[in-house]
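In this document, chain identifiers A, B, C, D and E correspond to the written order of the chains, with residue numbering beginning at 1 in each.
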Amino acid sequence: MKKIRSHLSKNLKKSPKDYFHEQPGSLPGTLNIAADATLPEIELVDYKDTDYVHQPIETPEDLIPYLDTESVSWVDVQGLGSEDILQRIGKIFDLHPLVLEDIVNVPQRPKVEDYDDQLVIITQMVMPLNNQGGFHKEQVSFVLGKHYLLTVQEEAQYDCFNQVRSRICNNKGILRKHKADYLAYTLIDAIVDGFFPVLEAYGELIEDLEAEVVASPTRKTLEKIYRLRRELLSLRRAIWPQRDAINALIRDDSDLISDHVRVYLRDCYDHAVQVMDMVETYRELTSGLMDVYLSAVGNRMNEVMKLLTVISSIFIPLTFVAGIYGMNFNTETSPWNMPELNWYLGYPACLAFMGAIAGGLVIFFWRRGWFENFSTIQDDYNNEQASQELMPSQNNRAKKIRR
Amino acid sequence: MKKIRSHLSKNLKKSPKDYFHEQPGSLPGTLNIAADATLPEIELVDYKDTDYVHQPIETPEDLIPYLDTESVSWVDVQGLGSEDILQRIGKIFDLHPLVLEDIVNVPQRPKVEDYDDQLVIITQMVMPLNNQGGFHKEQVSFVLGKHYLLTVQEEAQYDCFNQVRSRICNNKGILRKHKADYLAYTLIDAIVDGFFPVLEAYGELIEDLEAEVVASPTRKTLEKIYRLRRELLSLRRAIWPQRDAINALIRDDSDLISDHVRVYLRDCYDHAVQVMDMVETYRELTSGLMDVYLSAVGNRMNEVMKLLTVISSIFIPLTFVAGIYGMNFNTETSPWNMPELNWYLGYPACLAFMGAIAGGLVIFFWRRGWFENFSTIQDDYNNEQASQELMPSQNNRAKKIRR
Amino acid sequence: MKKIRSHLSKNLKKSPKDYFHEQPGSLPGTLNIAADATLPEIELVDYKDTDYVHQPIETPEDLIPYLDTESVSWVDVQGLGSEDILQRIGKIFDLHPLVLEDIVNVPQRPKVEDYDDQLVIITQMVMPLNNQGGFHKEQVSFVLGKHYLLTVQEEAQYDCFNQVRSRICNNKGILRKHKADYLAYTLIDAIVDGFFPVLEAYGELIEDLEAEVVASPTRKTLEKIYRLRRELLSLRRAIWPQRDAINALIRDDSDLISDHVRVYLRDCYDHAVQVMDMVETYRELTSGLMDVYLSAVGNRMNEVMKLLTVISSIFIPLTFVAGIYGMNFNTETSPWNMPELNWYLGYPACLAFMGAIAGGLVIFFWRRGWFENFSTIQDDYNNEQASQELMPSQNNRAKKIRR
Amino acid sequence: MKKIRSHLSKNLKKSPKDYFHEQPGSLPGTLNIAADATLPEIELVDYKDTDYVHQPIETPEDLIPYLDTESVSWVDVQGLGSEDILQRIGKIFDLHPLVLEDIVNVPQRPKVEDYDDQLVIITQMVMPLNNQGGFHKEQVSFVLGKHYLLTVQEEAQYDCFNQVRSRICNNKGILRKHKADYLAYTLIDAIVDGFFPVLEAYGELIEDLEAEVVASPTRKTLEKIYRLRRELLSLRRAIWPQRDAINALIRDDSDLISDHVRVYLRDCYDHAVQVMDMVETYRELTSGLMDVYLSAVGNRMNEVMKLLTVISSIFIPLTFVAGIYGMNFNTETSPWNMPELNWYLGYPACLAFMGAIAGGLVIFFWRRGWFENFSTIQDDYNNEQASQELMPSQNNRAKKIRR
Amino acid sequence: MKKIRSHLSKNLKKSPKDYFHEQPGSLPGTLNIAADATLPEIELVDYKDTDYVHQPIETPEDLIPYLDTESVSWVDVQGLGSEDILQRIGKIFDLHPLVLEDIVNVPQRPKVEDYDDQLVIITQMVMPLNNQGGFHKEQVSFVLGKHYLLTVQEEAQYDCFNQVRSRICNNKGILRKHKADYLAYTLIDAIVDGFFPVLEAYGELIEDLEAEVVASPTRKTLEKIYRLRRELLSLRRAIWPQRDAINALIRDDSDLISDHVRVYLRDCYDHAVQVMDMVETYRELTSGLMDVYLSAVGNRMNEVMKLLTVISSIFIPLTFVAGIYGMNFNTETSPWNMPELNWYLGYPACLAFMGAIAGGLVIFFWRRGWFENFSTIQDDYNNEQASQELMPSQNNRAKKIRR
């Protein structure tokens, strides 16, 4: 195990933290820049009903003229790799040191904090990675002011705001007619809706595992179930506080959020609840899968044992009979010593006797239905065909049931 | 597994979503029309105490004259297959874009939303499919106004409102004397009561599985238990928020619902609680079934092992004895070499010795009660008779207990 | 399985509903009379401090004169077999259609409903059936007015109100000095206290099962544990809402219940809580029993496997040795071919060698303590004696611990 | 099983009730005197700051003069064996019939009830019995008045108030300077603190079981775990309502309890919470132990199976080879018939071949690490030494971790 | 077992208490000094914006002059080994006897108590011990006054306040500009942040165990999982009440804590919630590990059984055939008696027949995929390599997923 451990620790050094934490006793407000963090890229979208500007920003100070106007200024920072730039942004937006800390020292727990003229919203975004059921998780922080919205993402690589940007630029929907609070809603909604594709992938994975666990459970299956459990736990940890945060937004009496937008946030809250619902359902199903797996392993052992028992039970008595007539008692010293050996039909009679024993046992087991089990083992061999027969009907049924 | 997977994914494309979700970042209020959705059929029932009209409607605009009158106008839309028609209905009833979205982008979580002059109620209806314990689930949305009730169902094929329609037309009960709120209650009540037949079927399925899991647990049983668990989870997800929604209706201070109808809604709430009660009970029983299954598999293995052990334990020593006298030590070189072979009664004595060993072991096992177990295995063979004997008494008992 | 199923379904037609439900969409207020319901018998007890009348009533209308007086009129209806009579009773007591429905369409969930001048209380009564741990469950409905109490029971056969009736007639206790509310309390208290004997029987059953599950777990034990679980679930479903209902009675501000009686209801509430406490405890113990059962099955298999392993491990090597000297290598062609066969003490040496192997293995297993397990198996045979020795000490201990 | 059952029922007649319950329908306020209850002994401690009286009381009426004075009168009744005396005490203290019932009909659930000029507190006391981890549980009831405190214990034999009595008599602490409410606090605190030694014994038992379950799990271990679970459940049922009762005392606005004493009660409440904390922790650990037990049984079976498999796998092929050369094909009829038998080195070659097979298999198993497991089995034999080595280190670690 | 027990009890005498408890019935306010407690060392830091003093204090009375000034006096007491000194400190700070008791009689449950001019905060600090995943836990008590903060730690050896001390002395951060409440916040924050390194170590341990439980589960693994469970339970018991305590501080309306500091406490509360989150997640994962372990044990047994079955099934029939031709039927008395023995190709034919049987069985098992399992067993042998291949990919995946 030593090698595994050392090997693991090598890998684990890069493993992500569940939550960020400072060195105990360190100064509040210290910013920790991860070594591999990418440099911040700043993107500005400044719009009003009739007009908009969309451009990258080189130095934070370039933002200042935009912030002073009445138009909505959406400043999107992507990347946490420079303390200097982040501090300067903090200064421009007049952020409380703890706020800047929460934004930079990722990951934090999703929450809403109300600082009089600013609402700070911490959220976690997920994105499906590929078809393996994994996901990328990153923190997205919002600072909502009267005329501006500052969003900070961990990385430029994963970005779920593109659609919103193009809606602003193409003036699709009513986005440009509203204030910054509606923009914040739109972005939060995009983040919450981003959970659905991830969950959908897990839903499919669970259906795959259901088929696998019944048809041919292996050690790999077990590993997959456990990993599924772990990742659902991680999703759950992201969505629970998010729901609470959205609820806090709805109930908050800050005037940064208009009643009109609260109606929309209620809709967004519903989506968050639906996400939670699905996560909990999948967790229940996963825990059910584990039970099924355990039972299936037991079943399989039963079948192995039955095979052993059938073969042993049939041949051990026969071998005994053969052993009897292999004994060397001297037939010449006594007529009682193994006279069968000298019978005219001794050998055929012996074989017939053995056949009768074997036949009797076979019938015994057959009537108990043990041979059906071997045909089930047989099924395993014909896995693919079997499941192709099994699944369509099951799926048809599912279709009928839950269209 | 590849074939299973590809096969599954083929099927899964049509598999239903747990909840509807938009493309992240899409416009709020976008309607998504499923490719296989049926065209909306609109059915109008307009009634007052003394009179009624019941007719299909071709174009939504035909509804306008009815909505202006004081009589109760019940507009039932079945099918979600045309964005155009749905948008026009939305315009006629003056629906908030988010409301129309919730109605069309099914399934949503059941809820109540209060829009001043309209109450929007989202519910989920279930219908037993056949005798296999499955069910059809679809969303039914209500928009309750002062003088009208708009209901939207996913499909025309499944409709649980027929009885109510005939009650209106035949003027049975007090329905025609009341306003639209009473009609809404009646329909919600019908939806909640629709859970009972589905649950009843599951109750029977559980009783079947109880017999099966004790008498002859197979891999199929395991699969059935898991599926049961999954479907109960789905039912639970439908009824929990529904109960909350009804409760919200009772507590809501909108004047669209009169106090008189609130008394009836309380009754309907009781039914929802009873449904939840049953779902939870069945879930507990199902989880108990899984435990019983696991134990039964262990028991069965025990019995298989006992059979193997009995047969091995009896014949292996005998075979050893036969092996002894099959050795070829030269009896002529020494009087100590296997003198038994030349004894006058050597062979009969040897057989008697073997018989004694076998008998001793049989008695050993018999006194330990191991043979009773084989009679239990025997029982399995006589499954049907056995259970016919077992069940009546059990059922009699059940009858006595819980008449 | 088909026969089981058809057989079961035959029986299940008579199986009880968990809760009553109407045909979805049927009229509220419809009374459903079960085919096998007994005809209602009406029994009147009308009393004041100084006097009382106790008599059966033929037609409901005979009740009217009694209801008008100031004396307390207790009308006890037993049996739900006639819609006509029930409707007439409903008219006499001026019951809301939904109330009559709740009373007649049994079983309903226990609850309290306040109709201004009437309090409607739905409860569920249980009664131990016999010494098998089963129970009879039926709904008892109360309608409490200013001067009267209407109680409706499902059947005349099971009646737990006799003692109260005789207390009224014999003027025992302070019952006759109080109003109808005190009578209602007394009856509800009798119903709640009726749970204790049932639970006590289950307590004994659990102690039996504890002994059984450790000493000699069989498939029957498993079935009993599952049934226990199921019946406790049923009890729990009866007592939970009952507790809430009593609590609602205490907090209700109706003046149908005097403060004086509320003090007594508090006591009754305490009893309901104690019942719930016991049910939950028994449920926990039952779930513990299932774990013990599973472990005991594993243990037993361990012991079976050990026996097999010991016997196989000892005799298989011996048989191999015997096999060696049963080979037919020609001792004459070479001095290397099985010279042992011609040794003077070849056979005794061979036997001694075998004995040494066997002895060594026996010592090996003995030192590992495997033979102790057989004495445990041995114990099983001596079940009754063993448990008689085991149990007293256990019980003594229990006595010491929790006297 | 019949004998067990009848035997059990014999014993169970004396087994304790979880909660007292009356005959359903009996009079409220009926006192039930258990047949084996001891006669009440009454002990009076009457004290003020400067003086005290401590004496046994013969007849309840002797108490009256003491109760009239301003000094604090603590009346401690031990034993519930005489209805007459208890009724007289009830009359002297002017107890509500329901209060007397709660005091006498033990056990009741802990609670606080406020009767204007009296506070009634029902508690449950536990006392460790001996070093076996069991405990004695009895009800202690308090009736707190302005100048008196009545405490009623079930038995004189178990008494946890001695220390308090001596503190009063020796005037240790500030007890004599306070009123009856402080005395009540002191006694309740003594009762709550009495849970700790019991729990500590269970803590030790759990540590023993942890060692046992990993090192050498037997059926006895299983029984102990189950019993532990049961007894923790019983403790939990005692402490939960007790905590609520103390909390009720703190929040109660009765002026029988001064604010000064409330501060102390808060401390007592903290202790009750700590007790609950420990009970819950132990319950979790116990349920963990059950899982470990189940796994350990599986592990052990694995090892047994491996031994069987190793021995069978090695000797069965060898026996087969020996069987081959034990065949009697006639070497004289053909050169193809078992020529090996006549080879010069046939026998040694055969033995060498067998040795090669055996060696190959041994290497096969050894490389798979199966023999390590036998050394683990070996460990079991050396249980005591092994655990002596294991435990110190574990304990050292524990010491280091949680000093 | 006796030796284990006695051995254990020897060790357990020194085992730590979960919570401190007095002798039942002892005086409130009694201080219990553990025999091995270290003598208190007192360290004073007295600072204002412009200046500071940092020095050890010999006798408590030396503190008095500092406490009278307006500057913030932080008195840190380390060690609980002298009742005299602690009482004198109690007198100087005017502590309520119950407060002093809570500080000295460790461990207590974390809590906040408000004594008008003092806030008493009990917390529990943890510190990672070494790389084995264990931790040191000790109580840290705070008494916060207007101008002073008294902190009491159990031991001088473990101290997490050093960083804060140096921040004061080096005037880093804004610490010196604030009052005692900010200092209290800083210290509590350091304590809460101290949980993270401990949890991180457990996170790594869990990842190790995940690999171990799937690759090569042994009895040691089981023990580790159980210990993990136990220690997480202990952490949880420390952090839950701590979170509540911090929350109480935030909501408390004492003016000892300024609104400004409350903002910081909110941040600290967030950290406590994150700690709880992680503890709960790890507990879930640990319970999942136990399930995986159980399944892995079953899987492994399956593989052992398969090996046994394959070998037995192949060789037992062959041995039977060999046994047949080892029988001694006299070929001379009849042409029917074993004529095969005299066939020209009898022996080769027999061997060929055996080969055919063996081949058939091998194909049978191979097609059922049983041999794949041996390659899995094979894997175990190649554990390290295997896991090195497995893990990187897994870790890569993890990196991709949750960067």
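Here is the rule we go by: contacts are C-beta pairs under 8 Å (C-beta built on N, C-alpha and C of every residue); 3 or more make two chains touch, one makes a residue touch a chain.
Note that the structure is predicted; figures quoted are calculated from it, not measured.
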Chain hops separating chain E from chain C, counting only touching neighbours: 2
Residue-number overlap at the chain C/chain D interface, same or different (half cut): different
Magnitude of the superposing rotation for chain B and chain C (Cα, nearest 5°): 70
Distance from the mean Cα position of chain C to that of chain A, given in whole angstrom: 40
Mean-CA-position distance for chain B and chain A (Å): 25
Residue numbers of chain C (touch at least two other chains): 294, 298, 301, 305, 308, 312, 316, 319, 323, 326-328, 338
Sequence of chains encountered when the ring is traversed from chain B in the direction of chain C: B, C, D, E, A
Complex contacts: residues of chain D adjacent to chain E: 160-164, 167, 172-173, 186, 189-191, 193-194, 196-197, 199-200, 203-204, 207-208, 210-212, 214-216, 263-264, 266-267, 270-271, 273-274, 277-278, 281, 284-285, 288-289, 291-292, 294-296, 298-299, 301-302, 305-306, 308-309, 312-313, 316-317, 319-320, 323-324, 326-330, 333-334, 336-338, 367-369, 376, 383-384, 387-388, 391-392, 395, 397-403
Touching residues (chain side chain A, partner chain E) in the complex: 1, 3-5, 7-9, 11-12, 14-19, 21-29, 96, 98, 101-102, 108-109, 111, 113, 129, 132, 134-138, 155, 219, 222-223, 226, 229-231, 233-234, 237, 290, 293-294, 297-298, 300-301, 304-305, 307-308, 311-312, 315-316, 318-319, 322-323, 325-328, 331, 338, 340-348, 350, 377-378, 380-381
